[in-house]
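These are the structures, in structure tokens.
There are two complexes below, and they share subunit A, which is joined by subunit B in the first and by subunit C in the second.
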Partner chain A sequence: MEIIQLLISGVSQGCVYGLIALGFVLIYKATEMVNFAQGDVMMLGAYVAITFTSIWGWPYYWAVPATLLVMAGVGILLERLLFRPMIGEPHFAVLMLTIGLGFVLRALAGAIWGSEPRALQMPYVGDVLRMGEVVVGYENLAIIAGTALLCLLMWLFFRFTTVGLAMQAASQNQLAAFYVGIPVKRIFMLVWALSAVIAAIAGILTAPVSLVDPLIGFVGIKAFAAAIVGGFGSMPGAILGGLLVGIVEQLAGLYLPPGFADMSAYVLLLVMLVIRPQGLFATMQKKKV
Partner chain B sequence: MRFIRRTDYEQDINLVQHKGHVLWYGLLLLLVFSAPLWLDRFLLGEFTYVFIYAIAGLGLMLLVGYTGLVSLGHAAFLAIGAYVHAFLLGHGWPFPLSMLFATGFSALVGALIAIPALRMTGIYLAVATLAFAVIVEQVLVHWEAVTGGFRGMAVPKPVLFGINFSDPTLFYFLSLLLLLVSLVLVMNILRSPSGRAMTAVRDSETSAESMGIHLAGTKTLAFALSAGFTGLAGALFAHRLTYLAPDAFTIVTSIQLLLMVVVGGLGSLHGVVFGALFVGLLPQIIAIARDSAPPVVAQIPGLEPAVFGLIMILFLIYEPLGIYGRWQKIRQFFEEFPLYRRATHRRQKTFLRTERLR
Partner chain C sequence: MSNLLEIRNLEAYYGPVMAIRGVSMEIPEGQVVSLLGANGAGKTTVLKTISGAMVPQKGTVSYQGRLITGRDPDWVARQGIAHVPEGREVFPFLSVDENLKMGAFSRRDREINADLERVYDYFPILKSFTKSQAVNLSGGQQQMLAIGRALMLRPTLMILDEPSLGLSPLLVQEISEIIKRLNAEEGLTVLLVEQNAKMALDLGDYGYVMEVGRIVMEDSCARLKEATDIQEFYLGMKDQGVRGRRRWKQRKTWR
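What follows is the complex of A and B.
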């Protein structure tokens, strides 16, 4: 029974990694940029939700959409201010820029909300579901269900909507997409908004489980490992990688000496890079002249 | 303006390009060697710190600036150098031998890390190095028998030929000397075939490979050299810290090292020194500014990394060539005075075509 219990908490933690990884992959797929600050955007989303619910006392059915809207705005703002000037610059420069952005966001959150941890109150927190001997908190179930729903929506969005198809086109070849009349810049703006919204959803889902402080953005690095394990640039890969990292972490916590749980995501990443560098779902091919 | 007449085949790879270099760099050498005479002890210590940073920066510049491989985990090599050096000194090894071994050991670890890293480029490599750095940090925390864990580890005093080098002035000269030796070494590496191969790999792996450059060998060499120099800096850093703890070698340190090469100017050795001056002295400037700032601003947690981050963002957007690039533009403005054109330095944009299939 213990193992099932462990697997469930691994899956729910893995879903959070997967959601953040989804944000990474989305931006990478569309703009070829790597946003290292994704975890910090998630932190920001969680804080905005806390502000609306706990501090201003809004009911949650208003607070959640409002948070998503605010975070979409934040995404657009970041794109306009920081990432649009960087279109056409080398990858590495954008990567460094987002690392810098992460530090700035952390200090900003510390300045606004203080550095002591805060909790997000959601209506479902505290209840548990009993299935035989296995006990699952509703907040963990919410994470799993939310992730599954979001994945379905994303799949439908990229498969069937014009905007989704335009995003795919822009991700394959910016110049060609521009030539066939896709407003590439506007598409990029939407992509950033979308990834900020996904980060906010991850933040709202994870905030009841783990308290929110300005440094929770560092899970972004683990999520990044998850994205690479799944094959960077593949959305199912991101979720699967997240789940894998989450489960491995729980098992390492149980069977290995202390300290290995924190390391396991990175060890998994390095092992993956050695055995199968293209990740679970390969999307890369060798560059040809 | 200076016109250089070519009279010798060796001229382009000479370390000294023209007489102006002799004069100006000679003056600079005079200045740094006489510094203990006219600089107060605190600033001398700060400049020692800058020199140590510059050695680590040389290593990182070789990798990022000249070979085009990004490492987000160079603090790990700094840590390996520092801990190995402190451990060996603690076990009675003589100072020079221990420092050499620490450097060599870092280089070896760098070469080992390069083996999986060879199959990756760009972002994959950056993340692999990051993962490596996190693992090293965890090892430092948990391997208490050797590293002392969170309690840390005292670093024995540097004693060379019976002279105690922990005196600030002597340590200043030691760091300066090692920096100069490293600089000359790197300059020589860069004008050798191996160094040229690194630059070729940076500019285009495909064309470098088709010209007969052994990609894996070149990258491994770059990684090993880079890790070696950073390890050397780590050994010096250990003496500066005098007490080693894992929290001196976190991701933030790695980012600081990277910030140094970016702000200084990628792909130039001048950039390393400018960057080291910047990164080494900025915390002091922030501390001074903090004292005079209103308490609301001064008490923000994580203010220092945020200032670093902000400066990095501004440099990347407005001056990707760093301080050295800006200096070159200013110099060119005066050299060509009425004829300087801004468009000379316009950045070339590349529109990406993905390497992904789906």
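What follows is the complex of A and C.
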């Protein structure tokens, strides 16, 4: 029973990693930039939700869409102000920019909301679902269900909508996308908005489980490992990599000496790089330049 | 007959390298205009400047009497200039169907499906691969897909960059036939860049010859075919000298 219990909490933690990893992958696929501030964008999303619910007293189900809207705006703003001018600049410059952005966001959050942990008030928090000996908190169920729903929506979006197809087209062949009349710059803006929204969803879902402080964005590094395990560039791979990291982490926490749990994501990453460097889903086989 | 596209004194650089040095061209509506030249002559650069992928340092491009120099390539495409770039730039992991639909991205009218059928009509072979990813098609099929995708834009002007590149003579023949049909049946204006000079001169109404960034010769294609320089350099006809051998030493150049 214990193992099932662990697997469930591993999956729910893994979903959060997976969602952040998804944000990494989306931006990387479209623009070939790696946004190391993705975790901090998640942190910002959680704080925006806390502001709406705890501070302004909005009902939860209003606060969530409002948060997503605000974060979509943040994503668009980041793209327009910081990342569009960086198109064509060397990779390390973009990398430094995103790392710097992470610092700025953390400092900003500390200045606005203080550094003591805050909780996101959620209607279902504290309730548990009992299945025999297994006890699952509703907040964990919400993470799993929320992630599953989001994955389904993303799949439908990329498979069946014109804009979703255009995003894929622009990521697969930018020049050809321009030549068929796809407004590539606007598509990139949408990609940033989408990835900020996904990060915000991760933040909202994880906030009731782990309290929110300005440093929770550092899980982004684990999520980065998850994205690589999944084969950087594959969206199902990002989620699967996240789940794998989450589960391995829980198991390491139980069976290995203390301290190993935090390391396990990177050990998994190293093992993956040795035995299957292209990741679980190799979509990087060739990308035309 | 009015000019659909006019290029005036275009100059463009790749860094410090001057790629085109004052090119002027006119493309009359409803005609096929061929642009010939060796590797590195600047043909592709001219096309890129037309479609907005490159911004020229000097000179203007006007389309339907309107200046389009320096606009974004997606905007230019939406004005009705479809550019089929060199080397079959398809969307590799989208299906053939999705590739074609992307060609109509900017269109909102109801005739997209009818146009899809029309493209399959021109390229029946694509019909049997509608659901497979473009990356799995052969080179010729990918080239057809790229042309078909450009047609989905309902262009007024189609720019074709080396459509025959890497294709078998049979496929080159087939693609030429289709370009001819498009021009005749749909009234499509075509700017064709080719190294395959025979194909370009057979298809074209009017031709320009480029060398090292300049237009060095222009005339109707019928007359270009007769010109000795063209025959010698581009059509590879043996120039029988007095002693019956090729005069390698006396090769002409316009440089």
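Basically, the second predicted complex is superposed on the first by the 285 of 289 C-alpha atoms of A that agree within 3 Å, B and C clash if a C-alpha of one lies under 4 Å from a C-alpha of the other, contacts with A are read in each partner's own complex, and residues count from 1 in each chain.
The rule is short, and it goes like this: a residue touches a chain if its C-beta (ideal position, glycine included) is under 8 Å from a C-beta of that chain, and two chains touch if they have at least 3 such contacts.
All figures in this text were calculated on a predicted structure; none of them were measured in a lab.
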For A:Leu165, is the partner it touches subunit B (first), subunit C (second), both, or none of the two (neither)? second
According to the stated criteria, A:Asn173 is in contact with first (subunit B), second (subunit C), both, or neither; which is it? both
Based on the superposed arrangement, let me know which partner A:Pro183 touches: subunit B (first), subunit C (second), both, or neither? second
When the two structures are overlaid on chain A, which partner does A:Leu194 contact: first (subunit B), second (subunit C), both, or neither? neither
Who does A:Val11 touch here: subunit B (first), subunit C (second), both, or neither? neither
Could you tell me if A:Leu101 is touching subunit B, subunit C, both of them or neither one (first, second, both, neither)? first
Tell me which partner A:Pro85 touches in the superposition: subunit B (first), subunit C (second), both or neither. first
Is A:Leu120 touching anything from subunit B or subunit C once the two structures are fitted on A? First, second, both or neither. neither
Spot which of subunit B and subunit C makes contact with more residues of subunit A, would you? B
On subunit A, positions contacted by subunit B and by subunit C: 172-173, 175-176, 283, 286, 288
Can you list the subunit C residues touching subunit A in their complex? 51-53, 72-74, 77-78, 82-85, 89-94, 98-99, 101-103, 105-106, 146, 149-150, 152-153
Counting only contacts in the complex, subunit A reaches subunit B at residues 29, 32, 34, 82, 85-93, 95-97, 99-104, 106-108, 110-111, 115, 171-176, 214, 221, 224-225, 228, 232-234, 257-259, 262-263, 265-267, 269-270, 273-274, 277, 282-289
Taking the touch rule as given, give the residues of subunit A at its contact with subunit C in the complex, in rising order. 162, 165-166, 168-169, 172-173, 175-185, 283, 286, 288
Subunit B residues within the subunit A interface of the complex: 64, 70, 72, 116, 119-120, 122-124, 126-128, 130-132, 134-135, 138, 141-142, 205-207, 251, 255, 258-259, 262, 300-303, 305-306, 308-313, 316-317, 320, 347, 349-358
